[in-house]
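Two complexes are shown next, each including chain A; its partner changes from chain B in the first to chain C in the second.
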Partner chain A sequence: MNSIIVFALINMFGVLGTFLLTALTGHLSFGQASFMSIGAYVSGLLALKWGLPFPISLLGGLIAAAMSALLIGLPTLKLHKYFFALITFGFGTAVAALLNHFTNITGGAMGLSNIPCKTNFLLVVISIIITIGLIRNFVKSNYGRMCIALRNDEIASEAIGINVYKTKLLVFVLSAIITSYGGVLYGSFVTYVEPGMFGWTKSTEWVIYVFVGGVNSLTGAVVAGFILNILPELLRFVSNWRIFIYSLFILIIFNFRPEGLFGEYEISFSMFNNVYKNLFSKLNHRN
Partner chain B sequence: MQHIVNGFSLGAVYALIAVGFALIYNILKFANFAHGGVMVISAYFGYFLSKNFHTSLFTTLIITTLFGGLCAVIVELIAFHKIRHNNSPLIYYFVSSLVITLMIENLIAIFKGATSYAYPVFFKETSFLFGETVISYVNTLIFIISSVILIILMWLIKYTKFGIALRAISFNLGVSKLMGINADGVIIITFFISGLLAGASGMFLGISYTVYPQLARIVVKGWIATVIGGMGSISGAVIGAFALGLFEVFLISNIGSSLSTVFIFLITLGFLFLRPQGIAGEIFTEKA
Partner chain C sequence: MLKIENLTKHFGGIKAVQNFDMQVSEQEIVGIIGPNGAGKSTILNLISGVTKTDTGHVYFENKEITRLNQYQISRMGLARTFQNIRLFKGLSCIENIKVARDCRISYNLIEALLSFPKALKTEKNMEKESLKFLKLVGLEKHNDIKPGNLPYGLQRKLEIARALFTQPKILLLDEPAAGLNTAEVIDLVRLINQIFHEFKISIVLIEHKMEVINELCDVVYVLNFGNTIAKGTYNEIQSNKDVLEAYLGGGDNA
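Right after this comes the complex of A and B.
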């Protein structure tokens, strides 16, 4: 049970990265999962081949992911969303093909094993809480508002002086870094990675989680990401049918509640305050 | 020479996929991943049809394409109809089509397992020699049938009333509704036609390779071809598909299939960098 929760939380990094990209700028990335594999592989290789300590190999993984995000972001983010989606798809398959091809470095289809185990439950929980906090602040910051503006209308937001290209690039690199952080944690938790684990379907699943939760709600993404990650494990008894059931569930949500489960609802501290105030005023009124 | 022949027959299949893809793109402006799902389900359908009833190539082809068309219409009704009436953002269509493909892949894996099936052989002699190149009957037939289908489609779009309605809707959905075009009907017919193409291409892919659940992912090749050709342009998609087919055969024979995906990715990236408007040359921007 413990490891199920850790896996769900590690996947949550991917969901958060996707949330940042898809919910804020409206771009779809089908190669998001390969940032996770880049993080896991680079940090694992640094630790294995050169024996670097965990913080440095972690940094290496993050930098590698940020660099590759820059490489695909630079030419494609100037263009329409569909080109971006296509290129990220190609990027995902290309990363998997490269990992499979260079057997002497990455271990090929056999995967990379014996990565030093440096992650525990506590580290994952603390990092996910910090990441959620950071993303919440990002959404409320100047950049977050710029992103929401450009998601709704790129031309109009350019007209009011937002540098659309630069903002999109920033968000994409940021989402890659968050996802690859999850990858680094994954690699050092399981001590084993293989190329097939982070394919196209994984990235698609993350996009779906974000949409189920509601694109306008971070709370929605977090809750839906967590529940839908746990759900397949709980549905083991219908093992074959679980992906089917869950796609059906998603189609129903899309058809009948297109704004997602949570809509624009967010859990926040001020909410509790309001509840308290309301109660109080009602009591006063009665008196 | 051998590569050129193989490349053309692969390109013809890609052209079928790409045109089916571009058709939907034209009217609803989204990349229809569910095309892959329809493709794979009709590939399976064709396989079991020819396996169990020993139908000839042409009967199988006709029934399979009709089946594909039917599937595409069902997909439209399940996945896109409501979204269209809600006026949801385009990204919803995209995600919905992805979900449909995942669902079909999964259903097939449940009922038929993840194993691959090979189509029965339709001809006694598989190939003939032309000079020094080996040309297989099936590949020639695939090339001819695909070309015929594409030519008929071009005629349909260019000269019939339906084609004019289609182009009007592709230009502006709202205004064409105001002009009295039955948009729902045209959209459903377009889905049917794209399903026909998906059925044919699924069966051809099944004949050229084998039938397995992940066949749906070849739809990405159709997508790349439409991007190379210029989004939404149908003749551009055909040219892009042939270029891609030739190129892929060339790459596989020279550097092996494992690295060819990497090269295709790099070349698509470079192409977008240098000429984002595609071969057809229409600059693609979002309308405000």
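Right after this comes the complex of A and C.
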């Protein structure tokens, strides 16, 4: 059970990366999972081949992902977002193919094994909480506002001085970094990665999670990401029916709540405060 | 302040704008009028960089801005509104205003991510400032709702407030009175006058409603089929033969 939760949380980094990109710029990435494999492979290789300590190999993985996001973002983010979705799809497939091809470096289809185990449950939980906090700050900051503006109307955003291209690039690189961080954690938790793990189906799953939770709600992305990640595991007892139930659940939500489970709703700390105060005053009254 | 020379734009075979010249001095309101399809909005799009011109030059404060990107032109101090209102429907009214200054803000990405005191302080100041602008256009009661729920006239005003919040030196308004009723038009004229005097900026105004042009503009340019057919004060162009012909049709067949 413990490892199911860890896997769900590691996947959450992918969901969060996808959320950042899709909620803020309206772009869909069908190659987001390849950033996770880049993070896992690069950090794993740095640790294995050169014996670098974990923080440095971690940093290497993040930088590699940021660089590859720049590489595909630079030429494609000036185009319409549909082309961006196609290119990221191609990129994801290309990364998997490259990992398979360079057998002498990456281990090919056999995968990369014996990555030093540096991750535990606590690190994953702390990381995810910090990441959610950072994303929340980003969404609430001026960057978040600018992103929603450019998602709504690029011409009007440019007219008030927003550099649309640069802002989109920034968000895409950030989303790649967050996703690859999950990859680094994955590699050093499982100590093994293979190319097939982060195919385009994984990327698509994340996009679905984000839409199920509500594309305008960070809370939605987190909750939906977590539930949908562990749902197939929880449904194991109905074996053959689990994919059916899982798909049905998603279809029902898309049909009856197209804005997602949470719409634009966000849980905030002040809300907890209010609940707490209400409870407190009620208790006092009773006494 | 704003100088336009020989601006020409063709869309396929359509000559949208031909050899357009215009000058706007400091603290002046210039009007552009003309029948539908005369090329008025195209001129505004060319100045603000939405479309790129075929030939000709645009100078803003003695610097050429013809080939600059839209956001660069905006950052130099040229703001605009759109004929078909372009508000950000995902942001609330007050956020629609705030966002106009977001790219000029002093805190950086790291400070934003970690929510530093500096970022929070800037946000607080922005809140105060943007409320002032909401009040200016009479929207202070609606700060938290989405602009899609506002009546048309208020949406126009919100768009003007957003453009103003970029702290422009010149403001381009594309048919601000379109779709407004008589009372709203009077209100709008009062607002534009107030903005003009309070912020001491220049305004370029495209309009169909002659009473707005009459009330506000120092100089009026009249366009027809992409050509400038007259220029002068409102009284001058009123009696201009070409203008009457463009609006009322030629007298030959009558």
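Here is the rule we use: the second predicted complex is superposed on the first by the 268 of 287 C-alpha atoms of A that agree within 3 Å, B and C clash if a C-alpha of one lies under 4 Å from a C-alpha of the other, contacts with A are read in each partner's own complex, and residues count from 1 in each chain.
One rule holds in what follows: a contact is a pair of C-beta atoms (placed from the backbone, for glycine too) under 8 Å apart; a residue touches a chain by one contact, two chains touch by 3 or more.
If you're wondering where the values come from, they're calculated on a predicted model, not measured in any experiment.
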*Using the superposition on chain A described above, determine whether A:72 touches chain B (first), chain C (second), both, or neither.*
first
*Taking the superposition as given, does A:87 touch the first partner, chain B, the second, chain C, both, or neither?*
first
*Partner chain in contact with A:138 - chain B first, chain C second, else both or neither*: second
*asked:* On the A-aligned overlay, A:207 touches which partner chain: chain B = first, chain C = second, or both, or neither?
replied: first
_More chain A residues in contact [chain B versus chain C]_ = B
*Once the shared chain is lined up, is A:266 touching chain B (first), chain C (second), both, or neither of them?*
neither
*Examine A:160 and indicate which partner it touches, taking first as chain B and second as chain C; both and neither are also allowed.*
second
*So which positions on chain A get touched by both chain B and chain C?*
153, 155-156
_Footprint of chain C on chain A - complex, ascending_ = 134, 137-138, 140-143, 145-146, 148-149, 151-153, 155-164, 170, 216
*Quick one: which bits of chain C touch chain A in the complex? Just the residue numbers, please.*
48-50, 69-71, 74-75, 79-80, 82, 86-91, 95, 98-100, 102-105, 107, 109, 112-115, 119, 123, 162-163, 165-166
_Residue ranges of chain A touching chain B (in the complex, touch as defined)_ = 22, 26, 28, 72, 75-76, 78-83, 85-87, 89-91, 93-94, 97-98, 100-101, 153-156, 200-201, 204, 207-208, 211, 240-241, 243-244, 247-248, 250-251, 254-256, 258
*asked:* Can you tell me which positions in chain B touch chain A when the two form their complex?
replied: 31, 78-79, 82-83, 86, 88-89, 91-92, 94-96, 98-100, 102-103, 106-107, 109-110, 217, 220, 223-224, 227, 231, 258-259, 261-262, 264-266, 268-269, 272-273, 276, 284-286, 288
